[in-house]
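Letters A, B, C and D mark the chains in the order given here, with residues in each chain numbered from 1 onward.
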Amino acid sequence: MNSFGTIFTFTGFGESHGPAIGGVIDGMPAGVAIDLGEVQRQLDRRRPGQSAITTSRSEADRVEILSGLMEGVTTGAPVGFIIRNSDQRPADYSQLAEAFRPSHADYTYTAKYGLRDHRGGGRASARETATRVVAGAFARQALAAMGVTIEAYTSQVGHLTLSEPYTELDLSRTETNPVRCPDPGMAVRMEALINEVKREGDTIGGTVTCVVRGLPAGVGDPVAGRLAARLAGAMLSINAAKGFDYGMGFEGAAMRGSEANDPFVPGTVPLHTATNHSGGIQGGISNGEDIYFRVAFKPVATLMRPVEAVGRDGESVTLRPKGRHDPCVVPRAVPIVEAMAAMVILDAVLIGRCARI
Amino acid sequence: MNSFGTIFTFTGFGESHGPAIGGVIDGMPAGVAIDLGEVQRQLDRRRPGQSAITTSRSEADRVEILSGLMEGVTTGAPVGFIIRNSDQRPADYSQLAEAFRPSHADYTYTAKYGLRDHRGGGRASARETATRVVAGAFARQALAAMGVTIEAYTSQVGHLTLSEPYTELDLSRTETNPVRCPDPGMAVRMEALINEVKREGDTIGGTVTCVVRGLPAGVGDPVAGRLAARLAGAMLSINAAKGFDYGMGFEGAAMRGSEANDPFVPGTVPLHTATNHSGGIQGGISNGEDIYFRVAFKPVATLMRPVEAVGRDGESVTLRPKGRHDPCVVPRAVPIVEAMAAMVILDAVLIGRCARI
Amino acid sequence: MNSFGTIFTFTGFGESHGPAIGGVIDGMPAGVAIDLGEVQRQLDRRRPGQSAITTSRSEADRVEILSGLMEGVTTGAPVGFIIRNSDQRPADYSQLAEAFRPSHADYTYTAKYGLRDHRGGGRASARETATRVVAGAFARQALAAMGVTIEAYTSQVGHLTLSEPYTELDLSRTETNPVRCPDPGMAVRMEALINEVKREGDTIGGTVTCVVRGLPAGVGDPVAGRLAARLAGAMLSINAAKGFDYGMGFEGAAMRGSEANDPFVPGTVPLHTATNHSGGIQGGISNGEDIYFRVAFKPVATLMRPVEAVGRDGESVTLRPKGRHDPCVVPRAVPIVEAMAAMVILDAVLIGRCARI
Amino acid sequence: MNSFGTIFTFTGFGESHGPAIGGVIDGMPAGVAIDLGEVQRQLDRRRPGQSAITTSRSEADRVEILSGLMEGVTTGAPVGFIIRNSDQRPADYSQLAEAFRPSHADYTYTAKYGLRDHRGGGRASARETATRVVAGAFARQALAAMGVTIEAYTSQVGHLTLSEPYTELDLSRTETNPVRCPDPGMAVRMEALINEVKREGDTIGGTVTCVVRGLPAGVGDPVAGRLAARLAGAMLSINAAKGFDYGMGFEGAAMRGSEANDPFVPGTVPLHTATNHSGGIQGGISNGEDIYFRVAFKPVATLMRPVEAVGRDGESVTLRPKGRHDPCVVPRAVPIVEAMAAMVILDAVLIGRCARI
């Protein structure tokens, strides 16, 4: 249950406190010239310690590609890679061996496996997502060669919500501030809020919005393979994700068909719609418009203040926070959302090649 | 791309205007005494023509089980079944052969396959979901034998939203009204709204809320197999679904960790939490609390008024509505949501048996 | 565990003594004009009662296609179909309810599922393979459109073995005799042997040889997706199959590399080899030469003479044979081997479209 | 196409001439105390340079486990591992960049991917199988905890065939000689033959026989999941494998049902058969007897003498052999066959837990 995809697949491994994390990218099409610097840059976007508002773990997070490339070009062979864990500090976690923290996976892992790797959360650690970013970086380079781009940004932190749709934002500004909000004024307010929450030893949630451009009509499948179903599954597999919607999304529940429908613009080639409440997908298949969706993230459960937990025998235990944790995961979730989207879209594109004789 | 699941799987087939729809349920555990009347009753809940607010297609929708049972007990063999299409009326759809309706799958199917079955929408027809209800009815009977129940209800129609959480509702009332809203007063208002919308030849969206009770802690998997990821993928595979969230969901984006965390109640056996913002899942794995989630549905695209479409060559075409269509899919989506949830949960329970030596 | 394939998939259902068997073909490419008469003709080749040497069950075995076609052309939607069981006679099997026959699946099914459908063997019945022939008939029509053909024949019955390789046989003669042996003289001897065995109430084994022509170089995958691995898995999934080899096969174990290697013929376009000990596959991938392989079948376990079995409590029981059974399954296995080969090859061709950017 | 299995899965990566090979074992049950020395010992059995009859590549082949263990016990998390390539010598392969060797994957990989990693054969290199041995070593330790053992041995080299069935051999002697033949006298003759072949710059084929003991009745599935189908697929995925048979195998083609059937021994608990022509599997499911099967290997294609190949443009080219290659792969295939069998059997055991409610 650590594999994603059907044709383009990714299988990850690793805990934050072992020697390395890594994975295998399989089904990567041959003939893609990979910019390894760009792969590393994507990984750097997810890295902790980028700014005052992210955790201060100082991991270098260098990806080492072990296979699947010849002179920088993909060969069709699986791409194995590792990222060493350079900053482990197992002592930070020793008190957790015997306690279940609230709203963590401590109890559920123990219930499932009969035992639990308490060092850094095992597979429940967000560190695992670093390997997805590497796999996504390969997928997006294949997609880029087809003219498909994927851009995500922070659209909400706590009560601060960007009111403009993505079409009215300049997404080239997303990376200009640590919260990854393309509206500079809102970015300042979001950063201030995160710092306030951090000072209180608390955490806060938010949303990421993601836009896929350049995908032609006809990608995706009916029924089980609907593009939004695959995207939803991929997004809800990210730590702390609590919700997904696309196009008009939850707002569509309050709308009427007469306002929600997207009329075609007669005579456009390829056929184009005047509005895009559908979010670029109809009947599970892309229609050539932009695909856009939101992912909701809860406030992370690890607070920097004493927390009431329970011990192995159900007794009350107070934990003193240690380790280093983000007060808000949303800015670092941005590249993860993009990576998962890239894997889903590339997989759907490849599967789509089999649709006709 | 018409199969769901890993161990408990369902593969469906059929268009609304062929001789029959149906499917194969595989991985159904042996030894479950199946109440076929109950399977039919679930199918009847999804059937059109149940009330004035649903489409008047008068299909009998009788399920015929063709295999996998001996004297009413599952044998472990795949369960094949069909549901005949008794009320076809292909003439209703003839004008669609040469036109693409807005916000339908007409254009995207053509882009994908190079041709399209225009009779009733092909696989994009909501009729396909009838087969999922049958498969879900088998899954829920296996789950019932384990003490797990699944109940969904209409929680929003247009601007009318149930403000109470499910814990303050009497879900035994859900089936007492045609909108499937457990609050009788709200049900009357929702029904009135749907009738108003219908008179206008329009459609309206809404949400379904679903609750899974009785699932013990330890079901689900980390990373790709997270329980919420599987549920989200399943729900977004339903026609007209635009969003999914669970537990605190999108509201969690505005919350702080100190209010969102679910403290354990010390000394409870099995361990219990005082609140359930998590929605019964932590780290992708059930924690023994109720699992609850919402699914947003858009207003269906087929209006009972003239609609601007485009022809094969992109020219403007006005379509006169024919056929019979629901002004609001939400009430009939309730059993579909339950069915998909049942399949996901049973599959996760079975996979979970392999977690330990 | 009733599904085959990755992109082109087939999921079957049904027991010989229920109302119908059937299945779902998914991933069938859109745009293939299907000759339904040819599908039925393939099914007829597998049908019992074709001659004195096959069982006399008089099933009509008419396939009913329920979906996935529009005006005879595949739409990309799943193809659901059923074949009714017209000649059931459950009484024949009543004595089996309480006994385990030797070398049958009676005991193993009971050990696995805790119960067993004794009527005609449940899923262990060879009747199940009829549904594979239908799925294979769709696959081979897609392959035919690409210039790929698949032909199998009986190459051994008991001690009677065709000594010529397929290249020295006229395979157009295969269907001219009931044993499906392309050598008319050998066919007469094989038929005589089967009749002798039948008179003795005994059964006999044999082999089927299969040839795939017209497949271009580059189809198949390394490692887990090796073409021979997929073929071997497909062939050993057929009832009574005990072995598989391809190219030089088991004879290769006694050969030297200097005699086994297949030298290229310089200057040929596409590149051609002077010999074909490899059987058309190198490194798991087709090389453009013919693919050929053998499948060994054991003598079926059901004898037309009294058989020592055991009862539920392990006590000795003598069973009197009833029902109707083939003295040699090999002639009827010929179309099944072809069908499985067609499914494997088409699936590999489709997957192969994803190999390059 | 580099993944094996359904619940217990293995995904490998790596070429012989990159920095490392490795893989991810997923679905490994939690709670198994792993003997890492034993994992390394299995890997050592496959290692080249063990004796004069195997290639002299001096790779240390040390496995590094990167995740999935806590204090030596599996946690249920995926087990990632790497094996560094310490002895690369890329110069050996430079002449291959522009030539296609006969009966190698050079041409077929190029046909598939449009390019080829010529350094050591890419994924077609037998080195890839080292990663399978590691995964198999984990699987066999889980199986050992259930009382299931797997033993393979060399049963044929060239014309030298062990005539005794495995039941008359002392398999504890298999590892006492470099050919891994449990009959010491035959081992001497086989070794002499391999040395003779080596002196001639030639290669030779052979067979491996494998025995699975201790598997209870009821493991495996009908139809697509038949145990022999999975074993056959796994075995034919090994480099140079050309055939598979189990139980009576190809000899069964010449037998009659009256001699091939395995009568039960009345009164045995669990039920036991007097003979085992079935090879421990009936209807695709284990019957509690030993499972045994053979795998045929061709003589490897790389000869230590000048070989006629063709260049990129189809022109004739003579290649001078370089590198180091086994004259007979069979002895080193023994642990690979065992590893693949262990993975298949463990996967089937885990899936089998889902058969009943």
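Here is the rule we use: a residue touches a chain if its C-beta (ideal position, glycine included) is under 8 Å from a C-beta of that chain, and two chains touch if they have at least 3 such contacts.
Predicted, not measured: the structure shown is a model, and the values here were computed from it.
Chemist: Could you tell me which pair, A-B or A-D, is linked by more C-beta pairs in contact?
Modeler: A-B
Chemist: If you take the mean of the Cα atoms for each chain, which one ends up farthest from chain C?
Modeler: A
Chemist: Would you kindly tell me how far, in whole Å, the mean C-alpha position of chain B lies from that of chain A?
Modeler: Inter-chain centre distance comes to 26 Å.
Chemist: Report the inter-chain centroid distance for chain A and chain C in whole angstrom, where each centroid is the mean of the CA atoms.
Modeler: 45
Chemist: Go ahead and note the Å separation of the Cα centroids belonging to chain A and chain D.
Modeler: Chain centres of chain A and chain D, defined by C-alpha means, are spaced 38 Å apart.
Chemist: Provide the list of chain C residues touching at least two other chains, using ranges where the numbers run on.
Modeler: 1-3, 12, 27, 30-31, 76-77, 109, 112-114, 122-123, 222, 351, 355-356
Chemist: Can you list the chain B residues touching chain C in their complex?
Modeler: Interface residues on the chain B side: 1-3, 9, 11-15, 18-24, 26-27, 30-31, 64, 66-68, 70, 73, 75-80, 82, 109, 112-117, 119, 122-123.
Chemist: Quick check on the complex: what are the chain D residues that touch chain B?
Modeler: Interface residues on chain D, with respect to chain B: 6-8, 27, 29-32, 74, 76-77, 142, 145-146, 222, 350-351, 353-357.
Chemist: What part of chain D is in contact with chain C in the complex they form?
Modeler: So the residues of chain D touching chain C come out as 1-4, 12, 100, 102-105, 107-109, 111-114, 122-124, 128, 156, 158-159, 197, 202-207, 216-226, 228-237, 241-250, 252-258, 260-264, 266-271, 273, 277-279, 281-288, 296-303, 305, 307-310, 314-316, 351-352, 355-356.
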